[in-house]
Amino acid sequence: MRRRALAILRYVALVLIATVLLLPIYWLIMSSFRPAGDIFRYAGQFGLETLVPQRLTLENYQQIFAASFPRALFNSLFVCLATVALGVLVNSMAGFAFAVFDFPFKKALFVAVLLSFMMPFESIVIPLYTLMRTLRWTDTYAALILPEVAGGLIIFLFRQFFLGIPKEIYEAARIDGASWWRIYLQMTLPLSGPTIATASLMMFIHQWDAFFWPLVATSSADLAVVQVAIARNMTLEQANWGALFASASTAVIVAAIPFFILQRSYVRVVAVQADK
Amino acid sequence: MPARRWIPYAFLAPALLGLVIFRFTPICLSLVGSFFGQSIRGDSIFVGVKNYAELLGDPAFWSAVTTTLIFNLIINPFQVVCALALAMLVRRPARFIDVFRASFLLPMTVSIALTSIIWSIMLDPTLGPVNGFLRWAGLPPQPFFRSADQALTTLILVATWKGAGYWMVFLLAGLLAIPKELDESASIDGANAWQRFFGVTLPLMKRPLAFVLVADTAANFLLFAPVYIVTNGGPNGATQLLMFEAYQAAFAFLNHGRSLAISTIILVIILVIALFELRLFRSEDETVA
Amino acid sequence: MSSLSRRQLLKTGLAGGLALATPHVARAQTTLKVVWMGWPDNQVLPLMAEFEKRNPSIKLAVERMPFTQIFQALEVRLNGRTPDPDIYIVDSPLTASYAARGHLMELDALIDKSRFAPAGIGAASYQGKIYSAPFGSSMQVLYFNRSLFGAAGVEPPSADVAKRWTWEQVVEAGRKLAKPAENLWGFTFEQQERPYQLLPLGQSLGGVALSPDGLKASGFIDGPAFVEGFGFMQKLYTEAKISPPGQFDTALTPELFGSGKCAMLLGGTFIFDTLKSKFPNLDFAVAPHPYFARGKPVTPTGAWHFGVNPRSTQKEAVAQFVRDMLSYDMNVLWFKLRPYVPTLNAVWQKENATFSSDMWKIAQSEMQNTALARPATPGFREYEDILRVTLRDMQSGGNVKDMLTAAAQKIDREIAKYKG
């Protein structure tokens, strides 16, 4: 009896929380299918018209896809995937070093790694931009990808996870004559599925959300990223709410795809591992 | 573990190279820059500790420090608890649990800028659906972001809306890694749900919790978009966070030296708190900083 | 694979490399890097394309930055003091700020002052020299919803500038039209917190917003005229309750008006076309900007100019850009793309058909008689940002004089750096 009551309570909580979390996204997507004049017509009240569009239209989506939005989507996807691919490798190696070895300056280096994500970006943007100019990387994909590959937070994430792997299993491999590189590649990484998934998610989201740095570091329309393309729909004199919501909705849905893939797979992997 | 001397550094090298070039160097330049001022023609002038002295003597600065500390004292534990609660809710299998897990994650896909814009419209006193609902239900409409009393709380809730699912991901991974047998044997031994939680679950969650708390602390001290987009530090300074002060100093008051000084102070505060949090959640075998 | 000899490979590689490295000598082409506002593609690209058509040897690499962060991104770029960008968009009151900091080239040699309205040249100048190109201006009019006026039985304002409404009349009408409990309002500013919109309140009562040298706010912005003017603004929210508080998104206030939730909107001529196309069932008309009965009518003005980077290496090309963009034809084209109030006298004189509507007749009269640009000061960013926050905070109450004095002190402290 008590179990049933708890189960029902659990479902009620789940539904309530899901509603709060999904409502604004629902409103965003739903508004993107409204004609321009209707978006705020039923605002401020509450009724069927507020929740469900009276007139549906695809004109907002037609507008953005006829313009440069698809290019922005492509740019962001490319930058995100490149960052993730390089970042997983580079940062997990560093996390491995901190978790497994003892070496001079380890503490100081770790503190430095922590420091690297604690500085407000606005204060380092000017020296970073100067650096891009010196390297002649302004207006290139390199400027968008490379500065974001090494990340203190991701190193920290991998280090935390790798600390939980018992050192004994490495000892056995070492006795067998395995090199540390082989151990990292063939023992540690395969055990780290969920962490790799979460690290990928973090880096993907970080790059997907990037706005100010791409704005400063690149200028040609060919390199515009998705957040800049979305923001262009707002100016002082007016906002193209329809295009804004349509592009924002598209960005949300596209970003959600890697999510759902990753979350299903790692939950299964972790659950299997825990049963071992 | 024993290894040849250069092996650890070899593993560190690529990341370290990236961090040195793209983070440490600009950060050091900024730290040094905080001891300089700029003439209106762009020349750097060494001013020593003048920027810091001015800040410490400015009541507006201290007000921002207080607001920021209160904000973080509330939001960091709040978000971690929410994330943990969400993770506990979706941990055990159930019907449609996949759907619920996915729905909790969806706010992550909305950038913080877009989150701020959408919520500022949703909570708009006149045009917002939330107030529309309140009016329909016969309740008084609320000012939310537009009232000095409610603004900070609204900010915390909006930031948590986006953050709870995000941090839940890490804690869920941690929870799912706990072998079922441990929980089951504790249950057989007669431990109730609370005892199992504090005795079995929490100790095994130290590492994920440490990560989430430190990362969340940094994220919240650096929170900027909602203040810039929605509240502009107001009403009446209710949301004047240090990060926004730093931003205003750089881009509104064109005083880069002061902005860098504020940023340095933020950095130091975050580091101190982060190190404290790491100690709090230290596991036995860690040589934590 | 047939073994290509090493020599053959080297030769091919060398030839390929040379081909890539040699610039096309077909035609001497310069590229100008232009930072423009992120207005829609179809409103910016035709202008740039027209310029390229007239000047085949100049290519324009146009970057359209979103409004939300354009000033900040420009600051990062300009901070490096490089030749990039060649041309950038300049909000007219920022002319002095950029010029004082050495980011703008003098344009006197390229601009014939007599072709422009004096207000336009004034907004483009700093210390007697022209630093930004007066590419357009702005004007505010009072939009009102005719059906709401009719339903409430209130006599609407006239479009005749001689019969301009006073602020007192606006409040009186607003009280009859507003039903705050039903979320229906009488009046709103388009930009509820910006000095652009609100300074005319104090200026109408004779207030001067900043010292003539642009370096002192105390004694000016906190003087009696502005205390009374902003106090009046405050009462719209706190006492008369005819204005919806907290509407700081300038893209949302027209939605309020367009969806019939607010009977009057003091907004730019710019949104006229948007209102017509987005809200086809809205029955609205325009009237002149209100004023205080015991004062004089004052209207805000100033808009988007563009400026030249003094470090640009393409001196001839940028000169050509300035000359061409300020030509009659290009101004007319720009007006067709984005109907800003023209600064070029010839446009007003020749395009009679366009400017014969009520709104444009009002705009023309105001530009000549009542328009007042924002105060010229190198510290405009500081001035505007501090004042914005204060004006925003005033909506919830508080002693207006104290708030203005505190703001003035803060402004003085920040703009002190521009002295000498």
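Chains: A, B and C, in written order; residue numbering restarts at 1 for each.
Here, a contact is a pair of C-beta atoms (placed from the backbone, for glycine too) under 8 Å apart; a residue touches a chain by one contact, two chains touch by 3 or more.
What you see is a predicted model, and the numbers here were worked out from it, not measured in a lab.
Set side by side, B-C and A-B show the greater C-beta contact count at A-B.
Among the remaining chains, the Cα-based centre furthest from that of chain B is the centre of C.
Distance from the chain B centre to the chain C centre is 36 Å, each centre being the mean of its Cα atoms.
Chain centres here are Cα means. That of chain A falls 15 Å from that of chain B.
Residue positions of chain C touching 2 or more other chains, listed in rising order: 68, 72, 79, 183, 249, 252, 255-256, 261. Among all residues of chain B, those that touch two or more other chains are 113, 121, 124, 126-127, 135, 250-251.
Multi-chain contact residues of chain A (touching two or more other chains) are listed as 40, 43-45, 126, 211, 231. Against chain A, the residues of chain C that register as touching in their complex are 33, 35, 37-41, 61-69, 72-73, 76-77, 79-80, 82, 85, 183, 249-252, 254-256, 258-259, 261, 268, 270-271, 274, 278-280.
Listing the residues of chain A that touch chain B in their complex gives 7, 10-11, 13-14, 17-18, 20-25, 27-28, 40, 43-47, 50, 89-91, 93-94, 96-98, 100-103, 106-107, 109-124, 126-128, 131, 146-150, 152-153, 155-157, 160-161, 163-164, 167, 170-171, 174, 180, 184, 194-195, 198, 201, 205, 208-209, 211, 227, 230-231, 248, 251-253, 255-256, 259-260, 263-264, 266-267, 270-271, 273-275. Those residues of chain B that touch chain A in the complex are listed here as 1, 3, 5, 7-9, 11-12, 14-19, 21-27, 29-30, 86, 89-90, 94, 98, 100-115, 118-119, 121-122, 124, 126-129, 131-133, 135-137, 161, 164-166, 169-170, 172-173, 176-180, 207-208, 210-211, 214-215, 218, 221-222, 224, 243, 246-247, 250-251, 256, 259-260, 263, 266-267, 270-271, 274-275, 283, 285-287, 289. Against chain C, the residues of chain A that register as touching in their complex are 36-37, 39-41, 43-45, 67-68, 125-126, 129-130, 133, 211-212, 215-216, 219-221, 228, 231-232, 234-241.
Partner chain B is touched in their complex by these residues of chain C: 68, 71-72, 75, 79, 81, 100-102, 183, 185, 244-249, 252, 255-256, 261, 378, 381-382, 385-386, 388-389, 392-393, 395-396, 398, 414, 417-418.
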